[in-house]
């Protein structure tokens, strides 16, 4: 088996497990993750609490499961919104060409130069920290990325004879974009989205860790990490578990994205080797 | 001398080459002609020991009394370094764009022949002159992109000749070139084979180019040689229905008769996996009999050094089918 | 016979990247003052090698790009002076077939979709009966509408591309190296198909190729291009029987099957 296939399989496995756990948590968790208990604080792993309890006596496994939904949802919305806007911009740039293309791509460059964290802090300062502001910030960093990917891939499709044949048939730029270009760059976009998913999960964790994302009582891996930080000597496992979750999620989507890219375009795989 | 006997190449169930037999004597120029999927390029690769890994080869292949039927990679590498050379359709692909073409040509001279740098340079210059490259001194220092398509193909020919091979395999060497450049390349290949006593295997889909270059022609279809013989005889008096069809389907400029419908071979070239088990051409043949699709035709001798693999050859020879 | 396409003194230049800082490169003249006409139901062959400007000429006739000088008149209308809307309305009248049958069909679209594209773009209804009839006209089956390009061989794909080009019943067909990528046996089928369609529909054809033999098999008139300049033009029979230029002669030699050695006819 090639390394590519291994990447793809490990990635797919992690993503599937993670998604399954998130779905499961919507209908069932071992305990209510908001349930506090003064008597059950800092319990180690036991039959009752598989991963023990935290400083407030909440069941850690339930917290991690509930948090996984937030992580995935944030990533999904942020990448979806940012990706859609970015793709639309990239396709417009590619279809119009000329000064429109230049203008859009310079704007995208500007977006690249703007650190996401700074944007998130700005939003938090202006409108107060919240999960929706974190989503907005993550969506924002995705716009220029997808604009670039979409435009690059679309420019290639525009050179194909079947697009020229469409022009000969009398199709407008818009219908050529929707009917030929978009479907034929979808593979590239899906690959990019998967990779950006990993980045988004990491960004959500980072923002929540800094208190700019999910607010209590909403569970979040990043905030769990933050809260566990002060208790490192007392209960290191409280930091390790959410940390492992973040690693697994980021690694899973990252490997899946890499694997998908290698499968969809062998040339890129060789270029990276 | 090349001797091929009952050579077959399989990819799983599909037979890419089926019982190919041919002999090539020093200085002989063989043209392999056929359409896509005929196996002509596969045969070229087999003669170079460069078949894809998944290919299973059977039969005998001897080059200069050296049996290479089950030869190891190392043996083939030795062979390719010394005796067999190959040129391809797209010369730009075969040249390293970041190296001066002179350095590219000097590499095998130094590596395989152990020449010193100045000797290798002198030899490269001679090769450039022999292959008709103008201003060879200057061209040695140029990069592939600075040369025209025809010049690049000449550089590749010079590179192929570097170690004085006994056999040159040219796979569609003129297809990517303009007509007037292609003419000069075929002339060059013919001259080189003649002057050096080198065997030339000229692979092409272009009957005109093969007619110009080769002495012997092997017409291939569906992985088999369906007809073989001296090029003039085969092309002026074809015996196999496929050869006939191919020649007739070719638009010709005879002058006078313009805008006439071309006689055509019906159907499409089938994919490897869809070939009929018997005669490969059955299903498209104009003189097919019911048993053709199921039975392999024998290779009949049809006078002199000619052969033809068709069930109906005896009748054709009797003149019953004109 | 009425003139369908009138190309008048068309010139197209492309700027070349400058090699030195203070010296502008002279532009590349891809097509240099070419004038030629196609009458209804006739075929004009344009022969030339790479860089001759033959494809640039085709792109101008298809209004993919505009000439720097001269004009292209389709039934008396300068197609480069039309508004976008007017051009779109005229498109069904002149269609094109491309060289690479693997590249000219969107791999993600069914045959029926591709063939109906010109109808949709013209705002007409894509009548399934018309699509079926057109597919049969080019030697395919009506049932092929739901299949995808990768399920067809090169020759069959070129038939699909031809079906797409004739579905609007155009008056002019531009074929740019339309048979160059095909096998010899399949090439004859496609050339015959084009001739049949021409008789049936009274098509004017602009047939572009590097291969003089192919061009001569179906063209009434001939234009030989080299480096953007017309080398020779006139009736195909006249030029092929008595080429008036050394270059045409070379092309003829390359295209002829000349037998040598024993037994040569």
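Letters A, B and C mark the chains in the order given here, with residues in each chain numbered from 1 onward.
Throughout what follows, contacts are C-beta pairs under 8 Å (C-beta built on N, C-alpha and C of every residue); 3 or more make two chains touch, one makes a residue touch a chain.
The UniProt protein names, listed by chain, are A = ABC transporter permease; B = ABC transporter ATP-binding protein; C = Dipeptide/oligopeptide/nickel ABC transporter ATP-binding protein.
It should be emphasised that the depicted structure is a prediction, and the values quoted were computed from it without experimental measurement.
Asker: How short can a chain-to-chain path be from chain A to chain B, counted in steps between touching chains?
Answerer: Contact-graph shortest path, chain A to chain B, evaluates to 2.
Asker: A-C versus B-C: which interface comes out with more C-beta contact pairs?
Answerer: Looking at A-C and B-C side by side, B-C shows more C-beta contacts.
Asker: Hey, how far is the Cα centre of chain A from the one of chain B, in Å?
Answerer: Here the centre of chain B sits 54 Å away from the centre of chain A.
Asker: Suppose each chain is reduced to the average of its Cα coordinates; what separation in Å results between chain A and chain C?
Answerer: The answer is 49 Å.
Asker: Can you compute the centre-to-centre distance for chain B and chain C, using the mean CA position of each chain? Integer Å is fine.
Answerer: Those two chain centres are 31 Å apart.
Asker: Can you list every residue of chain A that touches 2 or more other chains, as numbers and ranges?
Answerer: Residues of chain A never touch two or more of the other chains.
Asker: Considering the complex alone, what residue numbers of chain A touch chain C?
Answerer: 160-162, 164-172, 175, 179-180, 183-184
Asker: Which residues, counting only chain B, touch chain C once they are in their complex?
Answerer: 35-36, 178-180, 182-183, 205, 207-208, 211-212, 215, 230-233, 235-237, 245-247, 249-253, 255-256, 258-266, 268-269, 271, 284
Asker: Chain B touches which residues of chain C in the complex?
Answerer: 43, 49-50, 153-156, 183-189, 191-192, 195, 210-214, 216-220, 236-237, 240-241, 247, 250-265
Asker: Contact residues on chain C for chain A in the complex?
Answerer: 62, 64, 88, 91-92, 95-96, 98-100, 103-109, 114, 117-118, 120-122, 161, 164-165
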